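Next, two complexes with chain A in common: one pairs it with chain B, the other with chain C.
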Partner chain A sequence: MDILLCLKQVPDDSVEIYLKPGTEEVDLDNVTNVVNAFDTYALEMATRFKEAVGGEITAVSVGPEEARNAIKNSLAVGADKGYLISDPAFENADTLGRSEIIAAAIKQLEDERGKPFDVIFCGREATDRATGQFGPQLAETLGTGIICDLVDIEQTDEGIRGKQETEEGYHLVESVTPCVVTVNKPPYDPRYPTIKSKMAARKMKIPVLSAAELEGAEAGEPNVEIIKVYEPAKREAGIKIQEETVEDSAVKAVEMMAEAKVL
Partner chain B sequence: MAYLISEEAKDLLEAVRDFCENEVKEQSKEYDKTGEWPKEIYDKAIDMQLQMLEIPEEYGGFGLSRVDVAALFEEMAKADAGFATTISASGLGTKPVLIAGSEDLKKRACDIIVDGGFGAFCLTEPGAGSDAGAGKTTAVKDGDEYVLNGRKCFITNGGVADFYCVTAMTDKSKGVKGMSMFFIEKDTPGLSVGKEEDKMGIRTSNTCDVVLEDVRIPASNLIGEEGQGFSIAMQTLDQARTWMGCIATGIAQRAMEEAIAYGKERVQFGKPILKNQALQFKIADMAIKIETARQMVAHSLTRMDEGLPFSKESAIAKCYASDIAMDVASEAIQMFGGYGYSREYPVEKLLRDAKIFQIFEGTNEVQRIVVANNTIGRF
Partner chain C sequence: MNWDNREDVLVFVEQKEGGAVKVGLEALGPAQVLAGLTGGKVIGLVMGEDNAAAVDKVSVLCDEVISVEDENFKDGNNDALTYGLEKIVEKVNPAAILAGNTPLGRELTARLGKRLGLGSAQDVIDLKTEGDQILWTVPVYGGTVLNDIELKTLPLMATVRSGAFSKPEEKQKAEIVTETVEVPEEEIRSKVVDSVKEISEAVNLEEAKVIVTGGRGMGSKENYHLVEELADLLGGVVGATRPAIEDEWVSRDHQVGQSGKIVSPALYIACGVSGATQHVTGMTNSGYIVAINKDEDAPIFDVADVGIVGDVMKVIPVMIEEIKKRKEE
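So, the complex of A and B:
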């Protein structure tokens, strides 16, 4: 299986963030960037898939020079090749713009290789904006099928079979390849790089693909207009109902809800 | 301020920090209570190849400078000193072989570590602590073999090691010049593990008696030559001490970081306690001590890398870093007040962990003897 893996660097989501006072700008000055958690799951699943069926993984990321780290980390745990897609023209790209840029890069790499990628892995969403749109938009742009929210994947005679997590349980979905898959949290954790693989990854070349090299990757202005950026309202303190008995508390709660016209 | 390390090591530091934050720091709290040796943590550490950091490049290691490795060890020590001690003790156990062993022994020892095994260094005996030359363990040559008998105690990794470097007297009449060093693999008949210590700190490390009853090993397992054992042991400790200074520095760094975080959060008299200059000065004193210790560790390791004498520097690094680790951990508890004395908070463990660093691999009194001898000279 020839796998392409899409990675995105996002601000560390374990850190609480605020707006800069008096602005609509999120203060990310002291927040380090990390690889999107769902992309790390995608990397681990893709690596296990490769180990099971053979093939190679090519990792790509759209972003500034710093996004090279995301690719380097993927090379240390399972990816075989990496490309940084970087150009000042891509800076304002939104989700749709990024999917078009990556689609253009995929076509470019496929032309160079002379064969298509079989499966394109991405995380189900990025933890910064959490739109969950990138995978579907990429599949649409490439004109392939898509299976979302995978927690497991296996090879079939004609392509792949994915275990898709839903709110009710699981679907088993089959697709021919090429196909895009988005990955949810699987029942295992991403592996750590070994010291040796980390050192080897450092020495690997990560070529840059710029706008000039990618036909169709225009993505200058965002397609989505952000009207307002604001912090979530602070939750107001609740009311504690503590009558003598549980029954009395329940009656009181219902009375209060009726009074507030909630019921 | 920190160790000045290569770009390569900075990359590794990030990965090791990530590992320690997610797999060691919180998990070790429970093991600190139970005293159980956390095999699953060590399995993961081995998957990451952390046990190979001190292996020379020609035997499968990574070829990092010692200061690069120190930065990684400090990170491990910040998460849990027992964890760092276990990993480092394999390095200690390998050193006698690397210092004086045959090519074959070097390969065997390093292969065991590379394959995920542990090493242990066995010098101390019930009657031979600081007076290491008073050991009663014997090795008697019998044809192409040596037969060893005796009991070693306080052996880090004693119960989990895959090989042991053991000192034994081959000629009691010669005193320390009659001591020799031997390489013994686990599962050698007659070698067994005795009492496991229930320790005050570094409880995620394993410390046991190692018992030798008619242990027969090939004569080729002699490290160096007969009579060189004491010298090899002292050279081993000379090197290993700086690493203990490095781990002690990590404990102190953790204590300071915990004290700063708590001092910013804890409000008394209407403001965070760290707004008080009295407590800011405590932090300043901690930082001064920690940075001094760290740079002494780095200096000693750089001298080792450069092939310069380092005995005095190593003793200073170990002695100073462990003394200040105790000071800093104690002051961190003081800043936490009553909460610092509670096991619910992280700093009391740091004091318990720090104490052993003033004791093992040569007590700090012995370190002062080394420093004095190297400073004053013969007269």
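So, the complex of A and C:
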């Protein structure tokens, strides 16, 4: 299977992000960028899939020079090749714009290789805006099939079969290839690179694809405008009970709950 | 606002197991607000194999129902559903398209957005109309920051978060229009070959008055029974953090948080939960929050009305006894 993997860098989602006091500016000063959690799940699933059926993984990311790190990390884990799609003209692309840019890059890479990618992996959503639009829009742009929210994937005679998580259980969905898949949290965690694999990844070349090389790649006019940025009303922290014994604390808490009439 | 000769508001109401999904009905609420601005109708769209029950529900909450029935439109066949929605949109020429923020709602609006070149607001928690401006409030960064966004394209398109809006008041049964949409074979690239139901009990976190949630701090599946016992005693529902689910102490439909359910019970008790943003974003609108954690610096205490610093295995049994005593009085 020839696999393409889309990666996005986002502000570290284990850090709580707020505004700079008195402004509408998001305070990202001390927040490092990391690979979107769902993309790390996609990388792991793609790697397991490759290990099971053979093939190759090509990782791409749209972003500034710094996004190179995302690709480097993937090369240290399971990806075989990586490309950075970077151009000042791409900077303000929204989701739709980004899917067009990546689609143009995919076409370009397919032309160079002389064959299409079979499965295109991405995360179900990015943890910053969490809209879940990218995968389906990429599939629409490429004119391929799409299966969202996979927690498992296998090969079939004609393409792939995916286990799609639903509220009550799962659907088994079959699709012809090429197909875009978006990945939810599978029952396993992404693996870590080893020192050796990190060293090897560091030596690998990551070519840059810019607007000049990508025919038809345009950020386009954004269809959405952010008018106001603010924080939701915060909850006030209440009372913390720490009596002599835990039993006393528990009794007191129940008393307070009774007073608040929530029992 | 210039609606470009569009006036109706189309709401895609999703079905599950032969019934209308709650958040789909809730989307009819903001649709009514928009229709007030455009002067058009609210049209509920139901697509599926057997629409009778859903159409019944929808018909008393809007001005017109469009029902498209065909085996192609069975749950999971998203290629057909996308095509069907696109065709109905062509026919109705709506001013706005709304759906619930479910996996299907997100996928359909994303695909339609690409096909028609539309922007959309996803996971909307509030709709504001200020003069000529229509603003959609969406959470970003897991909900610690909100954005009010304006859509630059018509029809407007949005998915709404479950529980954020109330469904409209029931009124007289609306006209039901039956449409047929033939889906060309080449439109179908993927197909559901099997649907498996793993979860038998119906967990209704979104409508629960009381939720007792156990986190990793519960330590084991055995200990988790204490959470269930406390929930039962209070007539509540059991919630869970992601680690508790990954350790298989409880099934995944109990998950509260960013990738689980967004809940707002009158009482929320968090036992052995650290208070990660991804969890807190799902429960911060609860009426009264009680947290039990042995670490006095746990972030969950920042959102709790009452925090108990201590071991869950010692605290919960005493709470259960105390509550029982009070109930007997």
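Convention: the second predicted complex is superposed on the first by the 232 of 263 C-alpha atoms of A that agree within 3 Å, B and C clash if a C-alpha of one lies under 4 Å from a C-alpha of the other, contacts with A are read in each partner's own complex, and residues count from 1 in each chain.
Note that in this section contacts are C-beta pairs under 8 Å (C-beta built on N, C-alpha and C of every residue); 3 or more make two chains touch, one makes a residue touch a chain.
Just so we're clear, the structure is a prediction, and the values are computed from it rather than from any experiment.
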Between chain B and chain C, the one with more contact residues on chain A is chain C
For A:208, decide between first (touching chain B), second (touching chain C), both and neither. neither
Now for A:200: first (chain B), second (chain C), both, or neither, which partner does it touch? neither
Could you tell me if A:52 is touching chain B, chain C, both of them or neither one (first, second, both, neither)? neither
Now for A:191: first (chain B), second (chain C), both, or neither, which partner does it touch? first
A:258 in the overlay: touching chain B, chain C, both, or neither? Say first, second, both or neither. second
With touch defined as at the start, can you tell me which chain B residues reach chain A in the complex? 8, 11-12, 15, 18-19, 23, 44, 47-50, 52-53, 62
Quick one: in the complex, what on chain A touches chain C? 11, 13-14, 16-19, 26, 94, 96, 99, 127-137, 139-141, 144-149, 161, 164, 166-176, 179, 184-185, 187, 221-232, 235, 237-242, 246-247, 249-251, 253-254, 256-258, 260, 262-263
Contacting residues of chain C [partner chain A, same complex]: 16-17, 75-76, 78-79, 103, 106-107, 109-111, 113-115, 117-123, 133, 135, 138-153, 189-199, 234, 242, 246, 253, 258-259, 266-267, 276-278, 284, 287-290, 296, 301-311, 314-316, 318-319, 322-323, 326
Contact footprint of chain B on chain A as seen in their complex: 72, 76, 191-196, 198-199, 202
